[in-house]
Amino acid sequence: MISEIADYFSRHGKDYLALLGGHIGISFISVAIAMAVAVPIGIAVYRSKIGSTIAERSFGVLRIVPSLAVLIILIPIMGTGVLPSVTALTILAIPPILINTVQAFQTLPKAMLEAADGMGMSTAQKFFKVKLPLAFPLMFAGIRTAVIEVIASATLASYIGAGGLGDLIFTGLSLLRYSLLIIGGGSVAILSLLTGFVLDSIYKQITKYQRT
Amino acid sequence: MIDYFAKHSDMLMSAFLEHLQIVFITLIISIVLAAVISYLLLKSKKATNITVNIFSQIYSIPSLALFALLIPLLGLGNKTAIPVLVLYNQYLLIRNIMTGMQQVDRSLLEAGTGMGMNKWQLVTKVQVPLAMPSIIAGIRLAIISTTGIATIAATINAGGLGKILLSGLRTMNTYKIAWGTILSVIIALVADMVLKLLEKKTKATKLNEI
Amino acid sequence: MIAVELKNVNKQFKGQTTPALDNVSVQIEEGEFVTVLGSSGCGKTTLIKMLNRLYEADSGEIFLFGKNIKEQNPVELRRKIGYVIQQIGLFPHMTVKANIATIPKILKWDKKRIDKETDRMLRLVQLEPDEFRDRYPAQLSGGQQQRIGLARALICDPRIMLLDEPFGAIDAINREILQNELKAIHQKSGRTYLFVTHDIREALKLGTKVIIMNEGKILQYDTPENIINNPANEFVENLIRTAELKGGA
């Protein structure tokens, strides 16, 4: 087994890096777009109960639809390949970011906002100096959830032609080549765990001030 | 769409039932395993944190990857799918069980011990009933998670609604894709609603008892 | 100079059957330390929140140092007023120094001035600058946090300070220490202080003058001595009596 694995890397090293890069690439783009959509919407609706409930419910539904279904549903509309994959991944990434953004702003401690008003901060100053920094940790937690979800679904997206490490797994399945299964599965697992670890470290850094 | 369902109801229903079967079997095994592990963890908060942490790392590994890693060991199909699903559920179940148990008021446990209850009685008569809302929430999340991942397991030859989705994909049959999606959503949605009601009910009795 | 003047000010909140402020009129001289006393719902917090326009009056006029506050931009107005609240409201993600220097930074003071003044403020509230400058609020006790809250309000040397039950959440021992320090700071500064409290003894101890409120009205506005010796009505009389019953005013 080990020799087979070593063999793969020596022969297909470049291909492997391309797959890895592709996987990271579509994950990154999807989360970036999701953030660009979800954060502004979250900030726009958090003050209104109706607005935030609608936003949460409509995207919350997505959590119940299996990710495989979301990927496959887009195919009749968009075909296969990178476009439907990135679209599906973005759609999957929006709920956790949106819900956390809304929650983050809704749970800001009132005493701090009153102090900010009382000392004479303008609305913009209050938003950038107080609200946003204090809301950021919870928003970040949502982003972390989204990233892990996207890396997982990107693996599936190989099935519909997105490229990425899933290719190794699906090839391994069709040829019943265990070495490919282990390399593919192992790479995705390590990528996911490493990313989680890095994001957790960042989270610990940005919330350092909360600990006595 | 309805036409399609009428014509192919056997196929759709059999996949639906297969899916339910997988979810059900997985759930039973998961709950029993989680209950045993949780009971053992009650002694040590440190061990609890470490264990929940390990399972949370496992939970974050994409399902396809975990399937791929275990196929060389266990083979294709349900033989790998069910163990993996059980493994994923441990994080959700143990985390919720332990949180629920730990939030039980210390003074109630003290009262119980004072009355002469032994550990087993304390757990079954005091802690578990009071931790019910949290436990049921965990089961609810486990069902939704299992339903979703089970569809993915179709890619490694397991049964269930995922088969319909994949076959629909292969033949570009939008009806298959639509029905595959709808039926899996139904399972998750019904489970979600039923269990949310149960959660509320156990929360109400919890408050009344106090 | 008259620091604060309210003329026939009325305020009623939606959903309430009685007004929070009922035709309130009062003149407060510059340099006074006025404590505003009353039980929950009497209107004392509403009164001071009118002054920095966190609440707006339904009718009537309010003047600070002769100028109608409705004619001033609220944000600019608040920067000239020091505001200290019971829950303190320090920004947890900023260091002590950054908290104190919040408005100076917005006003674009130069770095040297900020450094000098924040240290001076820390010393004013009896906290050693080197020790506390770079700490975070989570690392401080309640009493220390409120001292920072005070420093933050005092740094721009506002002509008027509004304090809304600032020591309400602090333990009795520290409360007494902080009361004494606050009184000393006031005496040295010559500024005007309005201090809301529900604690009779605190009100009588700190105030050069006391406003007693109930149900949105001012019942008496006088020196502590006059309030004790010549209570304006039965309500005030009862108030004094309860204070004396608890061990002497």
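Chains here go by letter, A, B and C, matching the order in which they are written, and residues are numbered from 1 within each.
Here is the rule we use: a contact is a pair of C-beta atoms (placed from the backbone, for glycine too) under 8 Å apart; a residue touches a chain by one contact, two chains touch by 3 or more.
Since we're looking at a predicted model, the values are computed, not measured.
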{"item": "Any chain that touches subunit C and subunit A", "value": "none"}
{"item": "Closest chain to the centre of mass proxy, which here is the mean CA position", "value": "A"}
{"item": "Taking each chain's C-alpha mean as its centre, the one farthest from subunit A", "value": "C"}
{"item": "Where subunit A and subunit C are represented by their mean Cα positions, the distance between them in whole Å", "value": "47"}
{"item": "Rounded Å distance between subunit B and subunit C, as computed from the means of their C-alpha atoms", "value": "55"}
{"item": "CA centroid of subunit A to CA centroid of subunit B, Å", "value": "23"}
{"item": "Subunit B-touching residues of subunit A, taken from the complex the two chains share", "value": "1, 63-69, 72-73, 75-76, 148, 151-153, 155-156, 159-160, 166, 169-170, 172-173, 178, 181-182, 184-189, 192-193, 196"}
{"item": "Residue ranges of subunit A in contact with subunit C within the complex", "value": "109, 111-112, 114-122, 125, 129-130, 133-134, 209-212"}
{"item": "Complex interface listing, subunit C residues touching subunit A", "value": "52, 54, 75-81, 83, 85, 87-94, 102-103, 106, 136-139, 149, 152-153, 162"}
{"item": "Complex interface listing, subunit B residues touching subunit A", "value": "57, 60-69, 71-72, 76, 144, 147-149, 151-152, 154-156, 162, 165-166, 168-169, 172, 174, 177-178, 180-181, 184-185, 188-189, 192"}
